[in-house]
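The same chain A turns up in both complexes below, where it pairs with chain B and then with chain C.
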Partner chain A sequence: MQEDLTERKQKALDFLNSHLNAKLITALNSCVHCGLCGTSCQYYIALKEEKYMPAAKVDLVAGIYRRYHTFAGKVFPKLTGTHELDDETIDKMVDTLFGACTMCGRCVAHCSVGVDIPFVVRTGRMMLQQMGLVPKSIQSTVDAALNTGNNMAISKQDFIDTITWLNDDLQYEVNDDNATIPLNQSGVKMLYTVNPREPKFFPLSISAIAKVFYLAKESWTLSTDYYDITNYAYFVGDEEGARVITERLVNEAIKYGADTIILGECGHGSRAMRWEGPNWMKEKYPVKTITAVELLAQYIRDGRIKPDKTKITDLVTIHDPCNLVRNGGVIEEQRYIVNACCSNFVEMNPNREDNFCCGGGGGQLAMSEYNERRMKIGKIKADQIRATGAKIVVTPCHNCVDQLNSINLEYKLGVTIKTIAEIVADAL
Partner chain B sequence: MTIFHWLLIAALVFCFVSCLRWFLKLIKQPKDYADPKGSVADGVTFSCTKAMLPTHKESAYLHLPTYIAGIIYHIGTFTSIILLLLQLIFTNFMLPYTGNCEMGDGTSCFIFSSNWTFVVYLRLFFAVALAVSSLCGVAILIKRFTNKELKALSNIDDYLSNIFVTLFQMFSAIVMVAPYSTWTQPALFIMGTILFIYMPLGKLRHVIYFLSARYQLGAFYGKRGVWSMKNKKH
Partner chain C sequence: MAILEIEGKTFEVDGDGFLVNPKEWNEEVAQLFAKQDGTGELTEKHWAVIKNIRSHWEKTDMAPMVRSICQDTGIRLREIYTLFPQGPARGACKIAGLPKPDGCV
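This part shows the complex of A and B:
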């Protein structure tokens, strides 16, 4: 058993060694331990412990790098505060890299140097993944996605049944017996993807987007095999798993002749598919990708749908999902949509790329062992929402919706959480 | 040329070769296959300009005294290094002109040395400025010793780096006020030698990695269309 662990540690060190490119070398050598990043991290702000400072998280991985890859670290390990990859270090890595970081990246732009902290955290997670030390809860989510095609292991029949029911709902909603939610339809322009939470818990968000597509006369389809936009393999540092999940969606689009994949309202899924996926596949996609938010904004600009902003008069605010906004560049589109659909809109402060994470990112929602921490850091978001006085919080990410619903209950905010598609559908 | 000159030159060569080695490893960037939404060049420009200002960085505007001390400290460090190199090259650097300073007789002099008053005031300016930057270094060191969070984060290298650089600046300041003393310049050269030998071993190598980090940061946000010089909201 001990020998097995030693082998696994060596595997992790070999992994680190093989991934030392310019980007990682830079990130591992740049932190100067100024400690100013703490005030940009919600874990440190909420929990006030040194171990939650972004620099401390970076140092866990950088310390291992220094120990095994620098002259000073090899000869004078104490001088530069190196870390042996021993059980104590590993325990700390699991606890803070998985359990105390949403990889939101808020610390990065505010870092005095500009260290890509989430990138280092992800590298640490990759090393843990190499050692088979990913928390079981999130690993089971990844396994479900890889084994069944979606992270909630929804059976094909259950998915079809749900969509069939939603189809009836759509026909009633738009008063057209020919309205459909297309399944496995070839020759369409776009393949739509969803977060499995939608068919499982929030089917009305699929109804909402279907209504929008119907009114915009979009040529689209859902696939019953691979529709899951989420990619938790990205969060656990399983690059091969992440590649498989990405490739499936690309192949599915090709199979149905779609030239575009619509990235459903999921922050990390959109980021993984749009920005990371091509690098896992080591090639440019043969199809285009567009986020649902960008597409809906385009519909409104082009006049393909005409929302009536007088239908929504409650004060509305936007929560910016980190992976879509700060890490994905979709910043103004959701504001354009909400302003077109709602008569009263107020910004959260801070907002856009400076926004705080809801607390559910980085796979936190899938790691029940850290629920208590997740709810504590959620207070920052709760305070932000409360300060706006809004009655409706709109966010283009189903993971954020889940976390916002949780903090809505925990901190008694009394708000309604909606996705972008839902707010658009409400205004049509 | 004294033994102190040669020691310093050896340390500089060691430091330069080490830095060059790291720099060469940073040239080849990993290929990014994702289609851009914005401009890498624009993002990098933003990263190296506006993004570093107190108006944009929490590490600056939430910690303004530390930020200002850090800026002054770094300016002092680079100034001290430039002054050291000039003293290494010009034997009579910033010494008042004595009339026998001619090229070819084993001495050389700096262009400003023909004006006594100017040189004295210039020396005084540098002495005061470097004294201030040294004090900033001391303040940062005290903060590292006394701040609970910072102390937990720090290792021996963090303290040593701070001490070496601060002493280096202090010696630079002393040389400015006491140019004729027999010990000041050798002491500065010894301190410079220690500093340049130590630089590749510890965190001081961020002199190279800082630039790379700013580039990476700007490239990331620039390509994704998050950071742009044209964005009015910035």
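This part shows the complex of A and C:
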């Protein structure tokens, strides 16, 4: 057993060694310990312990790097603030890199030298993945995705039955007995993707997007084999798994002749598929990708759908998902949509690139091990929402939706949480 | 793992409050969990959903699709969310004593 662990530690060190490119070395050497990141991080703000400061998380990985990869660290490990990759360091890594970071990237925006802190955290997670130390709850989500094609292990028949069942709702909504949600249709323009939690537990968002697509006369399909936009392999640092998940969707689009993959409302999934995926595949996709938010905004601009903003008069606010907004740059489209669909809109503060995470990002929502912390840091988001006085919170990310639902109940906010597709469908 | 105490009874639960040992579950446990998570008194409709989820899980080791819950019980989809404010996963499945489903729930 001891030998096994030594072997696994060596694997982690080899991994670090083989990933030491200019970007990582720069990130590991640049922290000037100014402390600005502390007050930008929800964990530090809510829990007030030094170990939660983003700089402390960077230091865990940087200390290992110095110990094993620099001359001074090898010769004077105690004088150079290094970390031995021992059980104590490993425990700290699991506890803070997995258990206390939503990878929201707010610290990067506040960092005086611009260290890509989540990139370092992800590198630390990858080292833990090499040692087989990914928290069980999130690893089982990755395994389900890789083994069954979706992260909730929904059978093909169950998926088909659900989508077919939704046709009734669609036909009623658009008053057309022939309206259906297209499954496995070849020769369409767009392949749509969903988060498995939609067919499994929350299918109203699929009804909503189907209604929008029907009214916009979109040429689209869902595939019954691969439709899962999430990529938890990306969260746990499993690059090969992340590549497999990405490649499946690209191949599915090609199979149905679609030239575009519509990225369903999922922050990390959109990021993985759009901005990270080509790096894993080591090539440019032969198809285009577009987020559902950008597509819906385009429909409104082009007059393909005509929302009636007098239908929604309650005060509405937007929660910006970190991966889509701060990390992805999809910022104004959701505001354009909400303003076109709702009579009363209010921003929460801070917003856009400086917005706080919902508290459930970076895989936190899936890791029951750290549930208590997740609810504590979620109070910051709850306070933000309460301060707006809004009755409806719109957010283009299903992970955020679930965390917002949790804090809505925990902190008794009394709001309704909706996706972008749902708010648009309500206004049509 | 954590210990959840409701009305003097203790249960071993995961970080999200799901029962660690699903065999510990019985109707009394369901009632206690429902009281604790804000679902409140369980009505006939709640029981129809809970029993449907439980029996599906006992047969297949999985939570059922919300569609099959609706089709089997005759309860409308939107009503499921009203009956269980925490939703079908964090609410109904938890009260039915299932382990936490994987994914974004």
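We take it that the second predicted complex is superposed on the first by the 428 of 428 C-alpha atoms of A that agree within 3 Å, B and C clash if a C-alpha of one lies under 4 Å from a C-alpha of the other, contacts with A are read in each partner's own complex, and residues count from 1 in each chain.
What we mean here is this: contacts are C-beta pairs under 8 Å (C-beta built on N, C-alpha and C of every residue); 3 or more make two chains touch, one makes a residue touch a chain.
Here the structure is a predicted model, which means the values were calculated and not measured.
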Touching partner for A:Asp4 - first (chain B), second (chain C), both, neither: neither
Which of chain B and chain C A:Asn371 touches, first, second, both or neither: second
Contacts of A:Thr162 with chain B and chain C, given as first, second, both or neither: second
Which partner reaches more residues of chain A (counting touched residues only), chain B or chain C: B
Partner chain(s) touched by A:Asp59 [first = chain B, second = chain C, both, neither]: first
Touching partner for A:Asp402 - first (chain B), second (chain C), both, neither: second
Contacts of A:Asp177 with chain B and chain C, given as first, second, both or neither: neither
Chain B versus chain C as contact partner of A:Asp302, first or second or both or neither: neither
Overlap of the chain B and chain C footprints on chain A, listed as residue numbers: none
Contact footprint of chain B on chain A as seen in their complex: 21-23, 25-27, 29-30, 32-40, 50, 53, 55-56, 59, 70-72, 78-81, 108-116, 274-279, 281-284, 325-329, 331, 352-353
Touching residues (chain side chain A, partner chain C) in the complex: 137, 140-141, 144, 151-154, 158, 161-162, 165, 195-197, 199-204, 230, 266, 365-372, 398-399, 402, 405-406, 409
Contacting residues of chain C [partner chain A, same complex]: 14-18, 38, 62-63, 65-68, 71, 77-78, 85-90, 100-105
Chain B residues touching chain A - in the complex, by the definition given at the top: 22, 25-35, 37-38, 47, 51, 56-60, 62-63, 66-67, 70, 147-150, 152-158, 160, 200-203, 205-206, 209-210, 212-214, 216-217, 220-221, 224-226, 233
